[in-house]
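In order of appearance the chains are A, B and C, and numbering begins at 1 in each one.
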Amino acid sequence: MFRYFLNRLGQGVIVLLVLFTITFFLVHALPAGPFQTEKAIPEHIKERMEAYYGLDKPLGVQYVKRLGTLGTADLGASLRLEGRDVSEIISQAFPVSLQLGLVAMGLAICIGIPLGVVAAWKKNTILDYSAMALAMIGICIPAFVIGPVLADRFGQQWQALPAMGWSPLSPSYWLLPAFTLGLVSAAYLSRLTRAGMLETLNQDFVRTARAKGVPEGQILVRHCLRGGLIPAVAYIGPAFAGIISGSLVIESVFAIPGLGTHFVKAIEFGDEPVLTGIGLLFGILIILANIGTDILGAWLNPRLRSSR
Amino acid sequence: MSQTSTISVEKGASLWADAAHRLRRNHAATAAVFVLAIIFLSCLVLPSIDGLIQDPNAQALPKKNQSPSGEHWFGTDHLGRDIFSRVLYGGRISIAVGLITTFVSVTIGICWGAIAGYLRGFVDDLMMRIVDILYAMPFLIVVILLGKSIEPMTTDLTNNTVDLFAGADSSVAEQNATRTWVEPITTLVPLFIAIGALSWLTVSRIVRSQVQNIARQDFIEAARSLGLSHFTILFKHILPNSLGPIIVYTTLTIPGIMLFEATLSFLGLGVRPPNSSWGILIEEGANRMTANPWLLFFPSLFFAATLFALNFLGDGLRDALDPKSSKD
Amino acid sequence: MRRLLLCLTLPLSILTSCQKETEVARANREGIFLMGNSAEPKSLDHQMVTGVPESKLVGALFEGLVGDDAVGDDVMQPGAAASWSSNEDLTEWTFKLQPEGRWSDGEPVTANDFVFSYRRMLTPDLAAPYAEMLYFIENAEEFNKEQITDFSKVGVKALDDLTLFIKLKEPVPFLPSLTRHYTWFPVPKHVVLQHGDIADRFTDWSELGHIVGNGPFKLIKWRFHDVIEVDQNPYYWDAANVGLNGIRFFPIENPYTEARAFLAGQLHTTYTLPTDLIRTVKEDYPEYLRQEPYVGTTFVRLNTTRPALDDARVRQALSLAINRPLLCEFIMEGYAPAKSLTPKMGSYEPNPVLEFNPEKARKLLAEAGYPEGAGFPRYSMLISRPSARASAEALQAMWKEHLGILVDIQNKDWGSYISAQQSLDFDMASAGWIGDYLDPTTFLNMWTEGNGNNNTGWHDAEFERILDEAAQKAEPQDRLDMLKQAEDILMKEQPLLPVSWYSRNYLLQPNVKGWHPLLLDNHPWKALSLEP
């Protein structure tokens, strides 16, 4: 187990290196530079700005230099919010995205998985259809529709919850964005759980158990839930990493100071340090999430475990 | 979708015939096929009949934002255009985008995930790390770069296709007429490539986990001891047994992809104004929903109805194709 | 769909208790002004920024020599300078600073601070993006471009601690108005030098905890994309007349979110209001809606190096085929149909030359060799924001209907859109321009050869000669007449097609006092107050 873990972490480092390299060169291929502003900056001044940040050097030299500073755990300084450290930006925005993502994912799991289990258990009944219809609504109504509707009702009409903004300590600010963000995942989870459960409910050992007269509830929870959750778990890993690293739509609709906004703005301005910084963070999250899902998958699937 | 049933009739092979039979018995799935047929036919056929549908791009500014009426069944938008015909024309684009790119991405995802899950070890690690990298890659930058570099190619493609259909020596008027329907499709090709090539990641992970699960079951071990080739085992025995979650996930990705198309169109990759799609209509409608709810309602209605139907059909297919359910 | 959503959201609403007091009501009690500010500032070092959102913050933290008036655009109020005077031909100016002027750390504001500020702004290695704004000063341009290295030759001197002397390279009757622009604001020499050299870009002097200003407010909190908070500066020379205890700037980028936040009682004012919402707000909340003229113009920029577009007759034809009144009535609601490039400002009003005349347009197009649009190249027009889509689609339809010309519309991300124009790699682009100060030159100077904001490939010797000549004129009316001539040339040539004159559409709580319509929209923060 320990060796497996070490192995995966080693692979992770390589992934991050490749990721950094790709991101670095992609950003430099963007048509817009960091000093491209709406009101044009005179050429002689632009040249000086680029010289100041070493952006006039050959790309290879810049790359090696950036790699060197990364080695000392220095993510560099932003070019858009000029002079501000990328680590400062991330340390402000990531906790917000993380908190919002955790609440949203929690909601999604609590709604989605039970819904999927019930739908599979009562397959092709009205219960199944209505659970799945509910899930489909979650998928069909995009966040940029449901978010504004919720903000409109709760914020504007009933003045019950804030229509925008963020406060880490007051749940009234989390509710609407977390619900909006979690809705799609809840829908995915319920559909995938239902499919996975059906798959296991059909297997021979379930027939055997049923024939032996084991109670339905026990079959469902003790025998099937494990195998039935496999597809949902495979989805949760990357989805989780995606959700906690910021969602642009939600952040825009509710004016939340998360990572997504920084990321998109950085693309607009060709802000390489911020993009590689957030990219690396996201890479780490993906790697960890996938190690997590693989371990969880192995635990859910006893056959996989024994053969490892 | 209707293709599946025709194939099954022709082949008459036991698995597919069984499946078709079971599918027909499933009421939800049958209803879904009907709904899909109505929507697809009205989007494809109605606009092709001359004079039946109003020009989706004809503006009448003084008649903007009218509520539904006899003249404009679904009302008019912020430029006085007929929403009904915009929804139908937009449907062509959205359906094409949804089905083609989903097909591309799911095919890649299934192959990638199945091979990784079946082979395990070093190959599995390598393939999955590539997936990790693609997951974390700044996709938007790729889209922006693609939009810039691919433009001349799209123009060439459009011109060649127009020549192909109208004939190279046809008149300007003829060429323009052909162009009006060729262009919205050819400008979408970069979009198909972009979405298709990069949205297979989650599919591959789900397929991999399914394959890993099934590959270790007794009947696969049995197949292996019978000396069947890896290819046969993987594609004939393992994959059919893990179709359920794959079908479900596939039907789930379609709405996401249709909406994603709108986002990409705003970045210059995809549908060009004044043409539209369901995704764009919904996004435009969302901004105006307080004053003119029908701008959001009708495109959403078509969108939602299609996706509901696709999902119930997907469920039906899953049940029908389930090799075990024949034992019932 | 909406009813369905309502059913879904109803149970949630029961779970949440109703707020007793809106954020605006609490802020009213505390004397705090809540404002939507559209974007995160690049920095609070005003010598390093170019944007409008930054200017709002800088106006709270710093103060220029001359202050803005709450009511009149042309009225000059004392700012960091208590009084000022000039010589006969408007080239030499003397500013007497406020004797009680202090930085927010208690240090006195001296004429040396101003000299240092202008020197820093013009220091070549600092590469201040807006250094051009100081080029009115004698030898400033030369120093900034390293043609001279001796700053004592630049026309800025501190005669004593409280007297600042400025020598200009040409008569500038609007200099007092110009010093209201943030590029002319001072930076605290003692703080800047404490955190780095004069030529160091973005040291942490302008960050929270270090920044010191001479304005009515001081910075107390700054969280990216969240909020910037300023409270009253007790050292401000006119602190007794500051009506607010503080301001909260929210960088809300999404205008629909901003409008919802306002209506949910979270903001006193919004930065903007999407045109889609104007009609609804007019019906439901007329008391909040503000629509005011603003010195800005939307236009279509043409690349005059492209075939067909290099012909002035074609450009005229494109312009004549635009039905501006129709566009403004139904799409750009609140905007005025442009009659020329420069909107009316002060005593300057350009000749109303732009008209809608499809007959004439077709004739000109035929003369240029494209009768009924036949053989006209297929060009595309760049747009960068979804909000520009509707008007672009309307233009597209008008050109098709009146001229038989097919123009594509291409969405681009912001960066690609800007860089395509600056590298002349485009055909047409939907664009806009907001004036920096109240003088027509802010609209006209950019169309000269080599100007970074021209981006049309067009230039004209006669146009530039008249502009140069106008710059030498000390008599204001003569000068404006000459500028009018220059504008006539520009409108005859039309390297750009003006479409509409901006209107500032926004929402404002009626209990905000001291807020009046201003052309440049620079509301002096100290004049605001809140009625409970």
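Here is the rule we use: a contact is a pair of C-beta atoms (placed from the backbone, for glycine too) under 8 Å apart; a residue touches a chain by one contact, two chains touch by 3 or more.
Quick caveat, the model's predicted, so the values are computed rather than measured.
When B-C is set beside A-C, which has more C-beta pairs in contact?
Top pair by contacting C-beta pairs is A-C.
Closest chain to the protein CA centroid?
That would be chain A.
Could you work out how far the Cα centre of chain A sits from that of chain B, in whole Å?
Roughly 23 Å, centre to centre.
With chain centres defined as C-alpha means, what is the inter-centre distance between chain B and chain C in Å?
Chain centres of chain B and chain C, defined by C-alpha means, are spaced 44 Å apart.
Averaging over Cα atoms per chain, report the distance between chain A and chain C in Å.
37
Residues touching two or more other chains, restricted to chain A: which are they?
30-31, 137, 141, 148-149, 152, 267
Specify, in ascending order, the residues of chain B that touch 2 or more different other chains.
144, 148, 283, 289-290, 296, 300
Could you say which residues in chain C touch two or more other chains, in rising order?
Residues 1-2, 256, 413, 415-416.
Which bits of chain C are touching chain B when the two form their complex?
For chain C paired with chain B, touching residues are 1-2, 256, 274, 276-277, 279-280, 326-327, 329-331, 374, 386, 389-390, 392-394, 396-397, 408-413, 415-416.
Could you list, by residue number, the parts of chain C that touch chain A in their complex?
1-2, 4-6, 8-9, 12-13, 16-19, 22-23, 40, 42-43, 48, 50-51, 124-125, 127-132, 145, 201-204, 207, 223-227, 250, 252-254, 256-258, 260-261, 263-266, 413-416, 418-420, 422, 451-453, 455
Residue numbers of chain A touching chain C in their complex, please.
That would be residues 30-33, 35-46, 48-49, 52, 77, 80-84, 89, 92-93, 137, 141, 146, 148-156, 158-166, 172, 175, 179, 251-255, 257-258, 261-262, 265, 267-270 of chain A.
In their shared complex, at which residues does chain B touch chain C?
Residues in contact with chain C: 57, 59, 61-62, 64, 78-80, 144, 147-148, 172, 265-268, 272-274, 283-284, 287-291, 293, 296-297, 300-301.
Quick check: in the complex, which residue numbers of chain B touch chain A?
Residues 26, 28, 125, 128-129, 132-133, 135-138, 140-142, 144-145, 148, 201-202, 205-206, 208-210, 212-213, 216-217, 242, 244-245, 247-249, 252, 255-256, 259, 282-283, 286, 289-290, 296, 300, 303-304, 307-308, 311-312, 315, 318, 322, 324-325.
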